[in-house]
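Note that the chains are named A, B, C and D in the order they appear, and that numbering of residues resets to 1 at the start of each chain.
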Amino acid sequence: MEFQTKIGKSEPDKIFVHGYNLTEDLIGNITLADMAFLGAKHRKPTEKESKMLNALLVAICEHGFTPSSISTRLTYLGAPESVQSAVAAGLLGAGTVYLGAMEYVAEMLHHAFEKYGEGYPIEELASLIIQERKENNQQLPGFGHPIHKPEDPRTGKLFEIAEDLGFYGKNSKLLVEIHRQFCEQKGKTITLNAVGAIGAIMADMEIDYRVVKSFAVASRAVGLVAHIVEEIELGRKNSVGQEIFDYIEHHTDYKGKVETQKS
Amino acid sequence: MEFQTKIGKSEPDKIFVHGYNLTEDLIGNITLADMAFLGAKHRKPTEKESKMLNALLVAICEHGFTPSSISTRLTYLGAPESVQSAVAAGLLGAGTVYLGAMEYVAEMLHHAFEKYGEGYPIEELASLIIQERKENNQQLPGFGHPIHKPEDPRTGKLFEIAEDLGFYGKNSKLLVEIHRQFCEQKGKTITLNAVGAIGAIMADMEIDYRVVKSFAVASRAVGLVAHIVEEIELGRKNSVGQEIFDYIEHHTDYKGKVETQKS
Amino acid sequence: MEFQTKIGKSEPDKIFVHGYNLTEDLIGNITLADMAFLGAKHRKPTEKESKMLNALLVAICEHGFTPSSISTRLTYLGAPESVQSAVAAGLLGAGTVYLGAMEYVAEMLHHAFEKYGEGYPIEELASLIIQERKENNQQLPGFGHPIHKPEDPRTGKLFEIAEDLGFYGKNSKLLVEIHRQFCEQKGKTITLNAVGAIGAIMADMEIDYRVVKSFAVASRAVGLVAHIVEEIELGRKNSVGQEIFDYIEHHTDYKGKVETQKS
Amino acid sequence: MEFQTKIGKSEPDKIFVHGYNLTEDLIGNITLADMAFLGAKHRKPTEKESKMLNALLVAICEHGFTPSSISTRLTYLGAPESVQSAVAAGLLGAGTVYLGAMEYVAEMLHHAFEKYGEGYPIEELASLIIQERKENNQQLPGFGHPIHKPEDPRTGKLFEIAEDLGFYGKNSKLLVEIHRQFCEQKGKTITLNAVGAIGAIMADMEIDYRVVKSFAVASRAVGLVAHIVEEIELGRKNSVGQEIFDYIEHHTDYKGKVETQKS
């Protein structure tokens, strides 16, 4: 049995990663985010691709206090010896509810072009997708935001960069058109959120929709570093994890029975 | 109760991250790795710091088949619906054995200067550290490598970049001197490995030694993306996770008892 | 804000768990598995329920080398300081592929009775379910096994115990009838596996189908203890984790490019 | 390469687990907790051992709202599709701070008898241990409790059961004597907590101190089921995870800078 991989190979004085000599071609020449691109596309990104990808991952890296980052802090409180556990616990909360939409957008756009072909006029394609979703009782992903209304400030910025760098393609255009028609039908402006924009731009960068979520997860791992740092700097006693725990402990209302019920 | 943070704040049309306006100052201007720097230092890196940090994180991002990346693949095999679990499982294996040395090096160097002061001649300081470790029966971290002998190709490259960018400082010099004396005492060349070099350069970048490991964890999360992509591309049946599992299943030698032992 | 819970309450000299006095009613009176039952049903199990539940959880506790238990061993290899990480990594691989079926069976049976009512003759109900699944292109869960053919030895044993204890009810009967018709249609015996039987019996114990998978996860956590113990006893060098890693390391076939490709 | 294990072996019609025929000897005959004992000791527990072990694991199974169970709930909020992730995240917070003491107690007692031999009078042995710890500036594990003062109600109960069943042996006696002398020296009663008692009783059951923490982790996994169930029953909107998140979101005080700082 031989386990095959295209990822890497180590010799005593050389290391190859994704076909490149690590010390000659990669270290000092590419950014951390490009390593994920290399993994997904098996080639180094162009300068424009690298710029776009870093912009996208910077945009979703940090979200303040979320269930995910709070779990990181609480886990660090319980296991400060093991920062990898704190990061891992944070990632585990980044499931369908918080990171799903990015993948769903990329998937929706992928299947739209796969099913209806490239040549279809974008207005009709958008209309078909909306109709299909309605019929199947499926939500349109990428729309709505609890805070950023009526616009998500990141969305405009990311599409602007995408246009500058040549990544505002058919997928982004289709999502924007779906958004336009959807708002028209609803009679009000619903936010086209950053996660939606990122899903579309990644599709325009020809990143496989099945990989999109992994990029998001990697980005969140980077973002969680700041939360661990803040806990370290605050010190155990004053850490946010400790304060959250204290608050909950002192604001718990026990609703269960309390009589002894001998069996 | 108010939970305090310096990390971020969202308004309907603005997002502040580490004190910067996300869309004005960060997206499109900095790299993903810089977000971790921002978290650790509460300011954007200079261009040189960004270059150095990306070089360091690119260097430790990918290690081929390790216990950590194999766990990622096996977890993906069992829970393909949940890539965040696959990344998390891989990170959990990045404990003291695999990532510890980077932190230990940074910590050793930190305490050396803290205990003996800045002014000490580097040769004597190195000699004191070696002696202390010997007396306490503690290993010197950052030395040795199973494959890269007598030199780790990344070490020279990283120190070279550090010198170019102005980060080859007292910490790196002390580690190199400890290495020189250690090899002299052993009468043979022992590898100064990349993880050691990174610990020293991070110390010279004035990154808190307690945070060093979190950077490594974040970098590994990015590296694990490639392993998930390879599994997706190979397809479940031909995936490395499946092949490893099949191999183990067919090469298990049961050494336990087999008689029925009625209790 | 008060966070409400019925789970527990601590006073200086008393602890209430699920409404029971922990030291008076639970410690020494119930088994570990009963604690999960308490959580799910908010009452102590009867003696028969406790016996049944322990039988079910013992049946799925241990599966030898699986992707899940191998991840536990590899994680322990990388982070021996943190056994909770090793258990957690193992659980993360217990996703839809390995533990999903139990939930799917319970869910299928639940919805069958919910949709068609209790009074329906079991043969017709089974036939409707098979037909529905076929039409929706959905697999029937709980059938088939790579090793245990044509019968899973646990299935018969568990149904036998269920019958003895009074838990061989409508759900088990429906699953057995679905199995009978399905084999008839296929013209051959397909295994009704243990996971299927457990899903049905849990449904007959009136455990909510949405909770079934959590029971399985808890049981696997107990099972993973043995894998950590075996690694500890073998010692790092001879541990299975180390041997797997060594084997893979020496049987890796690098298929990537190796030329230096200056960018 | 053959990977050796004593844990299990599957044949088409038979399954051996730890040397026992699963369907003949284990299912229906032993409890879930006994599976962990089997893993640790390679034999079925006696009836007394099973009773003792279940009592110990029931005692530490559930702790109400802890950093660990809150992480479980927050993770479930973010990834409800993946209950194994919720359990795993909860376990990751069960690190040295919360579960360490049990292992430390068992380890302290183990080393006491290993170093000083069995024959030593218990009073002198206790005194030596206290002195050693003081000299090495090490805390005595197993003492103190934030709520249960001056006594932990579980401790007395567990020692009582241990005495009844024949497991109140030299380790328990030594811990109790250490406690007595320690309180005498302090001039006040300090709680001998449940975790300490469990560490000592497990040592008296001749469970390897290196395995003690794995038992605790497994027990917590069972306990976390109740937290997931409560979240399911409350429903997403009213779940404790959602309420905690909402509370934190509305009580965050951003202390960072907010001016745009063009780079």
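One rule holds in what follows: contacts are C-beta pairs under 8 Å (C-beta built on N, C-alpha and C of every residue); 3 or more make two chains touch, one makes a residue touch a chain.
In this text, all values refer to a predicted model and were calculated from it rather than measured experimentally.
Enquirer: Taking each chain's centre as the mean of its CA atoms, which one is most distant from chain B?
Expert: It is C.
Enquirer: Same or different for chain B and chain D, when you check if over half of the residue numbers at their contact belong to both copies?
Expert: same
Enquirer: Which integer distance in Å separates the CA centroid of chain C from that of chain D?
Expert: 22
Enquirer: Averaged over CA atoms, how far is the centre of chain B from the centre of chain D? Could you give it in whole Å?
Expert: 30
Enquirer: Nearest whole angstrom, what separates the Cα centre of chain B from the Cα centre of chain C?
Expert: 35
Enquirer: What positions in chain C touch 2 or more of the other chains?
Expert: Expected reply: 1, 3-9, 18, 64-65, 79, 81-82, 84-85, 88-89, 92, 94-95, 244, 247-248, 252.
Enquirer: Show which residues of chain B lie in contact with chain A when the two form their complex.
Expert: Chain B residues touching chain A: 1, 3-15, 17-18, 22-23, 26-28, 30-36, 38-40, 51, 54-55, 57-59, 61-65, 82-85, 87-89, 91-92, 94-95, 99, 147-149, 151, 153-154, 156-158, 161, 208, 210-211, 213-215, 217-219, 221-230, 232, 240, 243-244, 247.
Enquirer: In the complex, go through chain D and note every residue touching chain B.
Expert: 1-9, 16, 18-21, 24-25, 29, 42, 44, 79, 81-82, 84-85, 88, 92, 248, 251-263
Enquirer: Report the residues of chain A in contact with chain D in the complex, numbered from low to high.
Expert: Residues in contact with chain D: 64-68, 70-71, 74-75, 77-82, 85-86, 88-89, 92-98, 241, 244-245, 247-249, 252.
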